[in-house]
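Multiple structures are listed underneath, in C-alpha cells.
Below are two complexes that have chain A in common, paired first with chain B and then with chain C.
== the complex of A and B ==
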C-alpha cells in the first residue's frame, strides 16, 4: 500500500505529501471525518513515509506514493510490528483486573491488529464497551522519550480518540504540547465534537471527506469481486464510507437493515402491543452494535424522506435507499410536513448518541423511539426530552 | 540452518540472553529469541525494545541461516536435556533439536520480523575497567527519578570530557555525582542519559563475571540512539533517553561553610533507630547541630511516639536545626566509603553536600541532599 491505495482523500494527501516533501511534518496531526473514510489507512502510510528507507521525495504535490512499500521498514509497519510505530486503539477490558480479563484484552488487541492488517478500512467492532486505557498512554509517553529503536523517527497512531477518558486525554496534553524530538503523533477521530478543545487545538487538523460512491463501487468490484449490482448498492447505502461498505460483505448487515425497515413500518402502522412485541424480538436478536447500526439505517432512511419531500424526486441518484423507494414514498406521505421529519431525525440521532455514549437500557430506548415516531407520524407532538426517560 | 553444539555451551548462552526477554509484550516476536548462524558462529539475541542482548558462541556449523523461536520454551527444553551433543536444524520456520533418544520440534517466526538490533561499531569503542564502571553506576543509580513528568531525569547522565568521565543522577530531592579520571577515553566528548534498567543489568552481569576472579575491561560505545556495552562474548545495548539533561551544576552550593564530621556507622545505626518513630510519609528526622554534638530526633503523632539521641561529632560552627528525609540520608550513607562522613552545610533550607573523608585516586564522589522544612 502507498498513498495511491488510499481511496480519494486528495486534499489530505496533498497536505501530507507537501509536508513530507519539505520535511516539515508537525508533531501532532488530528485526522477527523466519517467512519471508514481512510483515516487509519492514511495514518499508516504517513508512518511508512516517515520511516521508509528509500523515500521517494514527491516531485510535485498531489497524488504520489512517497513510501516504497518494499523496504523492511515499510513491510514491518504494514504488519504492525515496527518497534517505533506504536498503535493505540480503544479496546474492551482496557484496565483488566483478573487474569481472564487480561487474556480477553490481549485477544481483543490481536483481533484488532489482525483485522486492520488484512484490510485497513475494516471497522473493528467489539461486543463490550471500549476505552483507550490510561496505562497505554502512559507507557507510550515513557517510550516516546527514548531515542528510536531502529527507525528514523517514532510515530504514534491513536485511533478514535473520542473514546479516550478525559483523564487520559489530559495526560496526553503535555506530550502534544511539548513532543520529544523525532516523534509524531497522529490522532484519528470520527467525532471531533466529543474531543477536549485543548486536544484539538494542539493538533494540525485534517478533514477526511466522504468517498464518492463510484470509487467504493470500483474497489468492491476489483478487490472483492462483488457483482456490479450489489457493489453499486453497497457503495450507495454506505454513504461515502468504504468501511461500512466492507461491513456488508461479512456479517448480517443486510438483515439488520431489513429489521430496521420493519421496525419503522411497525412503528407507524401498528398498535402499541405489536410495537412492544417487535422491539422485544429485535432486542433478543441483535447485540448493541447491531442496534446502533439500525439507528444509522433509520437516519439514512429519514434523510431520504426529507430529500424526497424537498425535491419530489425518488430516483437512484438522489436516494441512498433507492432499492426501497416505494417505502420512502410511503413514509414521506406519513410525515408530510417537513418539520416532522426533522423532528424524527433529531429524535433518532439523539437516542443513538445516548445509546452509544451512555449506559442506556436498549429495549426501553427502542420502545421510546418507536412510540415517539408513531406520535410524530400521526401528527401528535413528540416531546424531545424523550431520551431522558430511558436513561438508567 | 544446521549446526551442532554441546548442550551446556548453548544453554548458558541462552540463559544469558533470557535476562532481557519480556514477560508480557505487545509485539509477539519479542518473546522469541533470535538464533542466527554465520560462519562457525552462533548468535543468540533478545530484546524488550529497551535493552537488547546479543551473545555469540563459536560452533561448528554446516549450514547458515536464521530464525526466531519462543525463548522460554527453548530454554526449558535445553534445561531438561541431559548433557550431550545437540544437533539443531531449521527448515521452513521450524526448528528441530536432535538428541540422543529423540527429537524436539518448535515453530518459529521468520527472523526479518525481529526488530533490527544495533550493531557495535568497534572503531568508536572505549575501554573501561568493569569494577570502576560498576562502582560509578551503583553510586549514582540510587538517585534516579521515577517521576514520569520529567523524562530526562529518569536515567543516569554519563558525561565524558576527554580525560575524565562523570555520572550524575537526581530526582530533585537528592543528587549523586561521581567523576573518574580515565586516560583511555580517546578524547571522547559526549553526554548521554541511560535508563537505570540497563545499568542494573550490567552491574548484575559484571558481578557475575567478577566472581571468576580477575577484573575485566569492558568496551563501551556511545551511539546516536543507544549505548552499547561489549562484554567479550555478549553485547548489551540500551536505548537512551532524549535529552537535554537539566543543568545540575547550578544547584551545587558553593558557599557551604559549616562542616560536620561524624562516624558513618554510628550515624547510620542511630538514624535507623530514630527513624522508627518518624512520620511514615515524610520520614522526617530533625538534625540538631550543636558544638561537637549531633542530636537526632523524630516524632510520630499518629503513634504518639517521640525519639531523641545524641552522638559525638566534630562540629564547631553556630548551632542550627535541619530536617532530612531519613531514607534519603540512609541511601547516601550506604554508598559512602570509609569510616567517616562529611556534611557541608549552608542554611537550614539549602542543600547539604555529603561525601566521604577518604578519597580514592582520581575519583570524586559527591551527594547533595535537600532538607525538609521543619515546622516552626
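== the complex of A and C ==
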C-alpha cells in the first residue's frame, strides 16, 4: 500500500505529500468527506510516511509513494499493531458496565481492526449504536506525552469524530491546539457540520471528494475480479464511494436493494393489509443498518424518477439505478409530477435521518413511509406532520 | 522537531500585536496602567479571535519582572516560562478535561499558597463552559473573594453556558470576529515573514473563507503552501496565487458558473446536469459551490438593477460586462427566485447525507424557474376564466347570493384593481383583463352631442364599473346585456336568450334608477332605459365585450393546447381548458 493505492483524492494527496516534503506537517488534520472515499486509507498512509524507516521524499510534490511499504514500521502500521500509531474508532458498548459488555467491546474492536486490515475502504458496521469511547480518548491524551516507543513520532487516528460525545470533544480541544511535540492527530469525519466549530478550527481541514465511478469500476475489476458489467453497475450505484461499492460484494446489499424496490412496489400498488404484511416481513429480515441502506436506495431511486420526469431520459449516463430503468419509468408515470417526487424524496430523507439520529420505532417508520408514498402516488396530499407519531 | 503551524508560531506576544480586538486590549492596558486589576476576567467570543492569546499576554503583563506593566518584556524568565507554559505561577487549566468538583477543590487548596516567583498567581481556565454545575458552584466563593495574589482568567466560546452567578463575578470581555480587512493585512505581514508572496485576491478568498477567525486563515495558508507555491528559484519568495488557493480549496471557476447560468437560461437540463456532474467529479467543495452560486446570482441581480458597478464584488470590468449581458436573460423576479432556491439549498445541504442529489434537484428547480413566472400568468388567466364561469353559473342558477359573488371576485384581483381606475375615468390599460376594458379618453361634458352609439358602447364598461361599486348584484345582471340601439335618449339593452330573469330584475325600479344615475354621472346626460330579450342569441356569453373576451379565450385555449406547460398545469389541477 502507498499513496497510489488511495483512489482519486489528488488534492489531499498533493497537500499531504507537499507537507511531508517541506516538513510542515501540522499537528492536527481533519479529513472530511463522504463515507468510503478513502479517509482512513489515506490517514494510514500518512502515519506510515511519518514513521517509515526509509522514507522516499518525492522529488516533486506529486502523487509518488512516500512510504516504502517494506520496512518493519510500514508493515506494522498496515497490520495496525504499531505501538506508536493509535487508532480510536466508534464501537458499540463504548462504556461497558458488565464483564459481558467488556467482552463485546473487545470483540467489536477486533472485528473493526480485522475488517480494516483486510481492506481499508471497508465500512465496518455494527448492529448497535456506536460511540467513541471516552476512556480511550483520555488514555490517548495521557500517553501522548510519552516518548514514542520505536517510531519517530506518535500518530493518533480518530475516525468518525462526529460520534464523539461533546464533552470528550471539548476535552480534546487543548490537545488539538497544542499537542506534545512529535505527535500528530488525524481526525476523520463524514459530517463536518456535526462537529464543534472549535474542533474544526483547530485542525487543518482536508476535504475528500467523491471518487469518479470509472475509478471505482477499475478497482473492482482489478482487485476483486468483478466482471465488467457488474463492476460498472456497482460503481455507479454506490455514487462515488468505494466503501459502498465493496459492500455490494458481500451479497447482502443487493438483496436489500431488491427489497427496497419491492417495498415501493407494494406501497404504491397494494392495499393497506398487504403493506402491513410486507413491512412486517422486512422488519423481521433486516436490522437497522440495512433498513437505513434501504432508505438510501429509495432516495437514489426517487432521484432517478425526478430526473427522468425532468429530462425525459432514462439512459445509463443519467440514472443511478439504470439496471431497473423500466421501474423508474413506471414510477415516473405513477407519480406524474416532479413536486410529488420531490415530496417523496424529502419524506424518505427525513424518515431516514430520524431513524438514524433518534430513537424511532422502525416498523412504524416503515409503515408511515409506505402509506405516505401510496398517498403521494395517488396524488393525495401527504401530511408530513404525521411523522411525529413515529417518534417514541 | 515537529513543524509548528503558523497559528501557533505567530501567536501574538504583546498587546498591540493582537488583531482586531482593540476594545479589549486598550481596556486591559489602561487597567494595568491605572493599577485597577480585577481578580476575575471572562473572555468570550468566537473561535480563533484571540481569547487564549490575550489571556497569556495578560498573565505575562502581570508577572513580568517589572510588572504589572502594559508592555511585557518577553525576555525575562517569567515571560519566557509563561510563553512555553512552564511557569509555576501561571496555571493553564483545560476546563473541558478537568471539569469535576474534585478538580475545583484541588484548585481551591492550591490557590491559598502565595506565588513562587511572580507577583500574582494566575489561573487561566480555557473552555470554562465545560465545568460541571457543581464545579461552578464550588468555585463561587473563591471567585468572589480570592486571595489578594490570585487572578482568574476564563476563556470560552460559549458564555451562555456559564451560570449567571459566575458571570456576575467576572469582568467580561467580548471578543469580536476579526474584520476581513484586518485578516488580510495580518496574513500579508505573516506571509512576508514566511517568505511567501500572496496575491491580494488570494488573501481575500482566504479571509472570506476564514470567517473572522485568525486561526482558520493561518491554517488555510498552511494548507495552501503545503499544496503548492513552489519557488522558481530557491532564493525567491514562493507565490500564493488566486488559482492555487482556488485549487486547494476546491473553489469553482467563475466560467463554470456562467456555463450553468447559460444552461439555466436555455433550460437545457441535460447540459446543466452534465456540468454539475463534471464539477462534482472534479472534487469541488459543494457547500462552497452553493455559496459561490449564490454570490453569482447576487452579482447578476445587482448588475440588472444597478448602474453603479462598484457595488459588485471585486470583479474586473470584463466580468461586469458579462454579468450585464447575462442579466438580460432573466427578469429581476427570476433572479430573486433563483436566489431563494439556492439559499434554501444551503440549509438543506447541511442535513443531507448525499448533498449531490439535493444539488441536482435544486438545479432542476432553477431550470424550471423562468417558466414558473410565465406559468403564474397562465394560472392567473386560468383563474379568471374559472371565475367568469363561476359567475355565469351563479347567474343561471339565479342565485344572486352576494357572498358567493364576493368570493368569486376575490379570485379576480385584476378586475378589482381595474375598477377604481375606470371610475375615475383614467385611461386604463389593464391588459390583464384581456382587452375587456378598452377605454377612451376621459369624458368632457361639453361633448355630449357627439356621443354616438359606438361611443356609448365603448364607455359602457365605465358605467358597469360604477354600478359594480354601488350594487354588485345588479352589475352581474346587466353585464351580460348588450347595447343595441340609442335613439331619443332611450338606450335599448338586449339580453340573450335565457336572460329573462336578468331583464326582469333590471327593470325593477330601484335598479333602473341606479343604472340611470350611473349613466348620468358618466355622460352628464340623462337616459331612459329599455330592456329587450333576443331569442336568437343563444351563446351563453352575450354582449360585445364578452364576445371579444370569448374570442380571446378561444385563442388562448388554442395556444394552450399546443403548450406543454399548460398540459402540465392541466395535469396538476386536473383541469380542462374552458
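Convention: the second predicted complex is superposed on the first by the 388 of 392 C-alpha atoms of A that agree within 3 Å, B and C clash if a C-alpha of one lies under 4 Å from a C-alpha of the other, contacts with A are read in each partner's own complex, and residues count from 1 in each chain.
Keep in mind that, in the parts below, contacts are C-beta pairs under 8 Å (C-beta built on N, C-alpha and C of every residue); 3 or more make two chains touch, one makes a residue touch a chain.
Please read all numbers here as calculations on a predicted model, not as lab measurements.
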Touching partner for A:145 - first (chain B), second (chain C), both, neither = first
Task = Pick one for A:174: touches chain B only (first), chain C only (second), both, or neither.
result = both
Query = Regarding the shared-chain residue A:165, is it in contact with chain B (first), chain C (second), both, or neither?
reply = neither
Task = Considering only the touch criterion stated at the top, classify A:281 as touching first (chain B), second (chain C), both, or neither.
result = neither
Request  = In the overlay, answer first, second, both or neither for which of chain B and chain C A:198 touches.
outcome  = second
Query = What is the contact status of A:79 with respect to chain B (first) and chain C (second): first, second, both, or neither?
reply = first
Ask   = Between chain B and chain C, which makes contact with more of the residues in chain A?
value = C
Query = Given the touch rule stated above, what does A:207 touch, chain B (first), chain C (second), both, or neither?
reply = second
Task = Could you tell me which stretches of chain A are touched by chain B in one complex and by chain C in the other?
result = 138, 141, 174, 181-182
Key: Of all residues in chain A, those that touch chain B in their complex   = 72, 75-76, 79, 81, 83, 109, 138, 141-143, 145-150, 174, 180-182
Request  = Can you check the complex and tell me which residues of chain C touch chain A?
outcome  = 1-3, 5, 8, 46-48, 52, 85, 94, 96-97, 99, 126-127, 130, 157, 213, 215-216, 219, 222-223, 225-228, 230, 247-248, 250, 269-270, 273-274, 280-285, 350-354, 356-357, 360-361, 364, 367-368, 568, 571-572
Remark   = Contacts from chain A onto chain C in the complex sit at residues 8-11, 14-16, 18-19, 22-27, 34, 61, 138, 141, 153, 167, 170-174, 177-178, 181-184, 191, 193, 197-198, 201-207, 209-210, 212, 239-240, 296, 299-300, 303, 306-307, 310-311, 313, 317-318, 336-338, 342, 345, 349, 352-353
In the complex with chain A, residue positions of chain B that touch it = 26-27, 29, 49-50, 112-113, 115-116, 148-149, 151-152, 154, 195, 224-226, 239-242
